[in-house]
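Heads up, there are several structures right after this.
First subunit A sits with subunit B, and in the next complex the same chain sits with subunit C.
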Partner chain A sequence: MRGTLFILTCLTLTMAGCSTTGSPSTGPDSTAAGLDDYVPGPIAMRRLTKNQYVSTMHSLFGADLQFFPPTEVDTRVEGLLSLGANAATITPAGLERYESSARQVASQVLSPDRRGRLLGCMPESPTDADDACATEFVVGVGPRVLRRALREGEADDYVALAREATQELGDFYRGLESVLASWLLSADFLFIQERAHPLNSTSESAGRKLTAETLASRLSYFLWNSAPDAELLEAAFAGELDTDQGYRAQLERLLSNDERLGQGIRALFNDLYELDALETAPKDTSAFPQYTMGVIEDAKEQTLRTVVDHLLTRRADYRDLFTTRQTFMTKNLGPIYGIPVSEDWEAYEFPQEGARAGILSHVSFLALHARSARSSAVLRGEFILDSLLCTPIPAPPANVNFEALEPNSGLGDTARERLAVHRSDPNCAVCHDLMDPIGLAFENFDAIGQFRTQESGVTIETYGQIDETEYDDITGFYPALRNAPRLTTCMVLKLYMYAVGRLPAISENEVLEALEADFDSGGYDFVRLMENIALTHGFRATSGPREAEAEEGGA
Partner chain B sequence: MSKKLGRRRVLHGMIGGAAVSVGLPYFDCLFNNHGTALAQTGAFPARFGTWFWGCGMNPARWVPTTEGSGYDLPPELAQGIDGFQDRVSVLTGFDTPLNGETNHPHYAPPTVTLAGQAPTSPTDVPRSTFDVEIANIIGASTRFRVLDVTADGQGSAWSAQSAGTPSPAESSPIALYQRVFGTGFQVGGDEPFVPDPAVMVRKSVLSSVIDQTKALESELGSHDRQRLDQYFTSIRQLENQLDVLLREPPDLPACFMPNEPGGENLAQEITQVIDTHNLFVDLLTIALACDQTRVFNINLWRIFTDVRFEGESTGYHRLTHDEFVDPALGYQPLSQRFVIKAMDAWRYLLTQLDSIQEGDNTLLDNTAVFAHSGTEFPKDHGTKNIPMLIAGSAGGRLNTGLHVRGAGSSTSRAALTLQQAFGVPVVTWGDRNIQTSSPIGELVP
Partner chain C sequence: MIVQAQKPAALLLIAVLAACGDSTTSSDNTGGAGGTIPAPTVEEGVYDFLATELNFYYPEGLSESDTDATNLCGLDTITDNTTYRPLLFDDVVVNGFDLDDAVSTGDSGLCAQADYTGIDGSSGVDYGFLGIIDMIRPIRPDQVARGVLANAPSEGLINFGIRLSGVESLENDDSVEVFVAPTSEVPLRGTDGRIIPRSSVPIDPNPEWQTTFRGQIVDGVLTTEPADFTLGNIDLIIVFDRVLELRGARIRATFTEIREGVIEVDSILAGWWSNDNMIDTIGDIVLAIGANDGELQCSAEMWADGSSDGTSCDMTSMIFRTVSVSGFLTGFEEAN
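Our next item is the complex of A and B:
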């Protein structure tokens, strides 16, 4: 609740700031980057999310690695798993899984056919300890895995562990496996650790600078959804990230790698749009036999491809993500969209004037936010308000009667009629007056996102209203949403929280406003927004370690 | 499943999709050399479990009209405890107050019951749950401090390690089998015991992890230090697990190596969900008999469940909202079928625990299993009159066979009673108006 109230306050302030049109931004010299006289929120120690854990392993050791993903349950805060991660710890059952995964990974990484990728030396005997070769492994690989430089004497401890394990098991490489496993279980690996320089590193009113290693991890997980690569880490160790010039050089390098930046953008949208939940969203298989696992996988991929194509490849206006008719199709998806498809992932353009435009007309969104056998205007409306417009809707009263909502309730042929009955109760109307007009715009799409014009033999009406803008049908809704000021305000806020891994402090309101002004004046260029966030003082500094009491303050 | 089983003859399960019966050792009170210690002292360990079923019951068909012992058995309750009545206490009329938080009806009641604190959002995990406190007392020496399972695919069985951290639950019986009975598991007395050097190395790895992570502690603020403490606790628990594997396993008469489940179907049709549940129960029963764990949490199905009868399109949770109450019957007839299925599943758990003989008693007697639901009358999704059951006396730590009415007091009283019975040093439990210092006196011997 505290978080919710805070977001609303923040939103109001930011929207106020939105009316002042910022001077044209020139990226690195954006208004937001120029602000540096505030103390940002505290350190955000985050448990790697399931997706981050997997992508970190892959980027360190290769995408062909086989291992069990974590069993820990990631939870959402403000709609983001990456924010829930800053409260999560490690359970006994979760650690058990991490340990088996660590052993699986270590034994593959040091198997005869792969070990050459990481290890330049050979032991004198494969069955005996070899401190020199073990040291080379420890010093060469340890910092990459731990995402930090080794402390004094630390390397010796790992070499000792390797020696002990080798003696016990009679195998030099199994000795190294145990060292690698210990890194993969360390709190430096399982959590994204953040460290700050002492207070005197900046002025008292600006908080403390984050260390170069911390910046490397922040940048890498924000932009690439993975651990820093060797070059970024080297730059951190060499002190380059402590200078503005060196920091910007690495930032530019990360932003210019389309492949990896694309992965980062996918991870963000996967999180924000809850696309991992699509796999387990229940569907009535007797009513929708055509909704197969292939459809589910392709539906998620379709949206992510469209997002990356739009925001990164085309560098198009973020807002047009909700109106673009460009997308990609597969043979699995063709029947759901009612179109012939000859080749998987062919570029496809939804017909002009048709009911489909933008990623909210995709099967992924429509099927995820629906019931198992019928559409749900409420779920769709709620997601858009909550996750895209940062307007959280309170939970319904406990004993709400949903009878009226059923197609066979006798209380109306269409969802619109049935919801009207429902909204006649003023207690319900408070929230449903917000959700329903938005969600009902999507009633032309059924529980799995197939187009329809009728429900129970009656023509479906999709008119509605968002803020002050009225629309006649879904084709009017898309531009209305696109032009809603809250849409971009909310994206700035979500992306900032995603980047720093925590809620913003009150002191960061001004920078959020400035970021939005920059977004505004820069043509809603998403990559530039990412860049501007990485350049803010809030991204590069902190108030310091997070104290338990700080939670009361909303940090 | 609802077939009444003999008190200790068979462990009945779905292995490889087909029902099989596994004969249990016919030892009763006979112990060989390895079991003498337990036999002599009679000190079978006390065990604890929780069992959650989602959408309540129909009060007129479930709540006894009489209190105390010998309470009457309305039909839905009878389905769950017939034959076990003297060993099951029924708790009715206890509420889950929300401390002014919005009611998230699909999440709040089990969270309040187990954590003593109301969630602020559907995803909020406000603090650790009380089963964790009990596991800290009785689970510290076993290989697994606690085993969590879920029959309907939900990620956790409502247990939480700490704020923001639900405990992950196994959703696949095969995965549970491999975790408990796979590599490293050995039945005591079967063959000469040789400690595995690889396990010793795994222990060294964990010591190294602790040593290296200590340096981090001083850099963290108090919030993150608490989280790191949990991480250390988990590492120590794993060390303990490895210690157990390095010791010769005790020769427990009821312990045996079960067959690996040959297949599983994790679909959401009722038959599959019940099969999954029952297979979990079989494996947990053997895990308890082999003293691999002393604490477990089972989620049969969440409140927001999509479990369905075969060939029907509407899941249970939808039915509870949508189905009309039959005025002649006074309940929702379609939804009611799920209550019966849930009570069948509960009785299956009691039957299996009772099939393991431990001295003069059974595993059920040495266990306290706490069943709780997310609402009373399904259609209301209310937070009052949450039904609860406690089966077994945990080796005499609790009175059984009673019907106790809570008169609107908080379900946290059950949590307090159980914690105190297992020796958790706690005198008050719960947040603000959930808080209580009054255990349920009738249950305290």
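Our next item is the complex of A and C:
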């Protein structure tokens, strides 16, 4: 069925990146999936990122839930918050906020107008304990919230807690609130806890297989950025995920839900492109009064919509994300792009031969990677190198004179001139020789992403070079980046790390190469890459826990 | 009786034309690759603008005399005008039009009022409403009306757009079409509270509130031929849905590229304002901001310098000043 859909899509949409070399469903064709003679990296214990926390709450209890999001700072590792979550802890102040949120959520979930969504029974008296009804709640809701089966005797403990709280508070539902709040404050909820089978229980492949529950969470957070749904959890509890057939069936189901998969892709790109930082990126409002909150919100959404439309709806070539002229527009964004807009989120195509193409020409990227009142070739170049080409740039020395880069520094009318002076210092040139040629390609866009031809009355030059490809201006940069081999190599690496929640082990180099080869032969179909990653041995197995105390972990 | 100013027309002309910068244009301001200067055209030869300011026209150089005035209308409602000083119109030039093709001296025929000297030194410029401004304190220069009106577009009270079509050059073009219509939405406002240039707004579909002028552009100055002008959707804080009507209206405008892709239009809109429509449109708000009861009616009758029927003086020559910026008008399909 999916193969048929794929062919139809090719015929009707004539997508540029639509490969005829294979179906999007990998199965045995995937080279990467066939490798299982390596020991993958260790299991991870990731604190839910702020986005995952919110997404999980909404998927469990409804999108209309109101609560304070966590205040714990998510840190980036390799450009990904989801990777930084692997080393994240919870501070006392952060725990207080989690507690506050947990109580807010529990109170709403068990309020009279909502409790029916989760609770199929009613207590004999709303003011008295009712163990039978409490048991139904604990057994029905607990595994969804904790993302695992309840252990022996655990349900009784929670029912006892509900009973005691009810007796204390004189309200059955408030008793259940206490139980729910305790779950929402537990490590099982706040962290994506991973467990593996003991070595001796696995098959002939190297490493230790992840437990079915762990696999369910990995899969769900990777593809949907949220907790496993009831069907996935049931499949895990039933042992279906321990079989290749059962696992593939669930993988197929998750991949076929465009809405949820779209949310997962949005989460990935939101993370990779640091789009949440747009809300706090400072801008000089006296210089740019048109840069309103509406612009900020729509700029982020524009990019995410474009990504999902390109990668999921059109199933187009990932590389074309950097050259596509298809996007969406709103009235808020129209003044920044300088174009008429009739309706919010109408499909829009940037003019052919124009300076805008691909998501790097969006306001989101251009405004985020800029200073408050001026563009920044350095920030733009650094992001592309680091996050899109996996070429990290060291932090600048502490004694760098940034004022020399300001337009009024006297060191040149344009950023190109000022950076040339900066690069005359050999210590600076080491990094700037890499960043500047890329970042300067975007100098036709000011601090909020508006197009311009001049800076300080001087015509802006945007020529440069990436790898061995030279370009005359930004319109040459986009295809040069699109065709840079590092672009797809880096995406495979980033997505793999995002999926498994850790850095890859050296032993996983071969599978990364195989994934890239599959990505190439599959026409750079991003969903297919996600599928292939989910089918790797590294995604489904581990070398074991990083800490000794997790050694006995098991389902 | 107003004494016509005679001199500084040249100075004002320079000031106005100084705003006429290089308005070289091209069609792709989303970022053309060819290095051409982008400009906010909707399509080839079409430019849209959104009004950001509207006001009565206050000529440069207005000053107050040092003599006390009397109750010119003789109204019982006027009890305290001891601080009132008549405006001096000496040395004042007016950016307007000779609407009646006559140089009036005040006693030269029916409804005659003394005319003014134009910014180009021409004679016979009509602006009877300046006499009304002189008589009603709240609408005089630097009084409250100036702020109320000036902010009307950004406050969403009076919103209209201007579309120039058939434009080959904003520097010189012997035939352009100027379309003016109210918008059915308020343009976006920036963090400074002002209308954001290049916003998109649909025009109001009511054809009765739309006006089309023919005009030409000479050395960066657009001048239109007369047309009867109607603008609906006018709200002024306490009055709503009023319709402004000017007969034989004309526009003069200059263009300045204030930043890449954004042109500002400084324009005057002159025409004959019937006293009835004047009172219907601004009577209540003028009263609300401090005019005396009956003062506008009395002043309008005193300064009416036009006649709709050739017998009674029931129209006053009027000049509004507006500022507009590049924007985008949408909804023409619905309007048609």
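Operating definition for what follows: the second predicted complex is superposed on the first by the 515 of 555 C-alpha atoms of A that agree within 3 Å, B and C clash if a C-alpha of one lies under 4 Å from a C-alpha of the other, contacts with A are read in each partner's own complex, and residues count from 1 in each chain.
In the analysis below, contacts are C-beta pairs under 8 Å (C-beta built on N, C-alpha and C of every residue); 3 or more make two chains touch, one makes a residue touch a chain.
In this text, all values refer to a predicted model and were calculated from it rather than measured experimentally.
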{"item": "Partners on subunit A (subunit B, subunit C) - clash or fit", "value": "fit"}
{"item": "First, second, both or neither for A:T292, with subunit B first and subunit C second", "value": "second"}
{"item": "Contacts of A:A181 with subunit B and subunit C, given as first, second, both or neither", "value": "first"}
{"item": "Contacts of A:E96 with subunit B and subunit C, given as first, second, both or neither", "value": "first"}
{"item": "Between subunit B and subunit C, more extensive residue contact with subunit A", "value": "B"}
{"item": "Touched partner set for A:A429, first subunit B, second subunit C, both or neither", "value": "neither"}
{"item": "Partner chain in contact with A:A249 - subunit B first, subunit C second, else both or neither", "value": "neither"}
{"item": "Contacts of A:F451 with subunit B and subunit C, given as first, second, both or neither", "value": "second"}
{"item": "Lowest C-alpha to C-alpha distance for subunit C against subunit B (Å)", "value": "12"}
{"item": "Common ground on subunit A, meaning residues reached by subunit C in one complex and by subunit B in the other", "value": "286"}
{"item": "Interfacial residue positions of subunit C with respect to subunit A in the complex", "value": "28-38, 40, 42, 48, 188, 190-192, 194, 196-200, 202, 260-261, 328-331"}
{"item": "Touching residues on subunit A, where the partner in the complex is subunit B", "value": "1-2, 4, 42-43, 45, 71-73, 75-77, 84, 87-97, 99, 103, 151, 154, 157-158, 161, 164-165, 168-169, 174, 178-179, 181-182, 185-188, 190, 193, 195, 280, 282, 284, 286-287, 371-373, 394-403, 405-406, 409, 544-551"}
{"item": "Subunit A contact footprint on subunit B (complex, rising order)", "value": "101-105, 120-123, 125, 144-148, 153, 155-156, 161-169, 179, 197-198, 200-202, 204-206, 208-209, 211-213, 215-216, 219-224, 226-228, 230-231, 233-235, 237-238, 241, 268, 306, 311, 313-315, 318, 321-322, 324, 379-383"}
{"item": "Touch list for subunit A against partner subunit C, complex", "value": "285-286, 289-292, 294, 331-332, 334-335, 337-342, 350-351, 353-356, 361, 444-445, 450-454, 459, 473-475"}
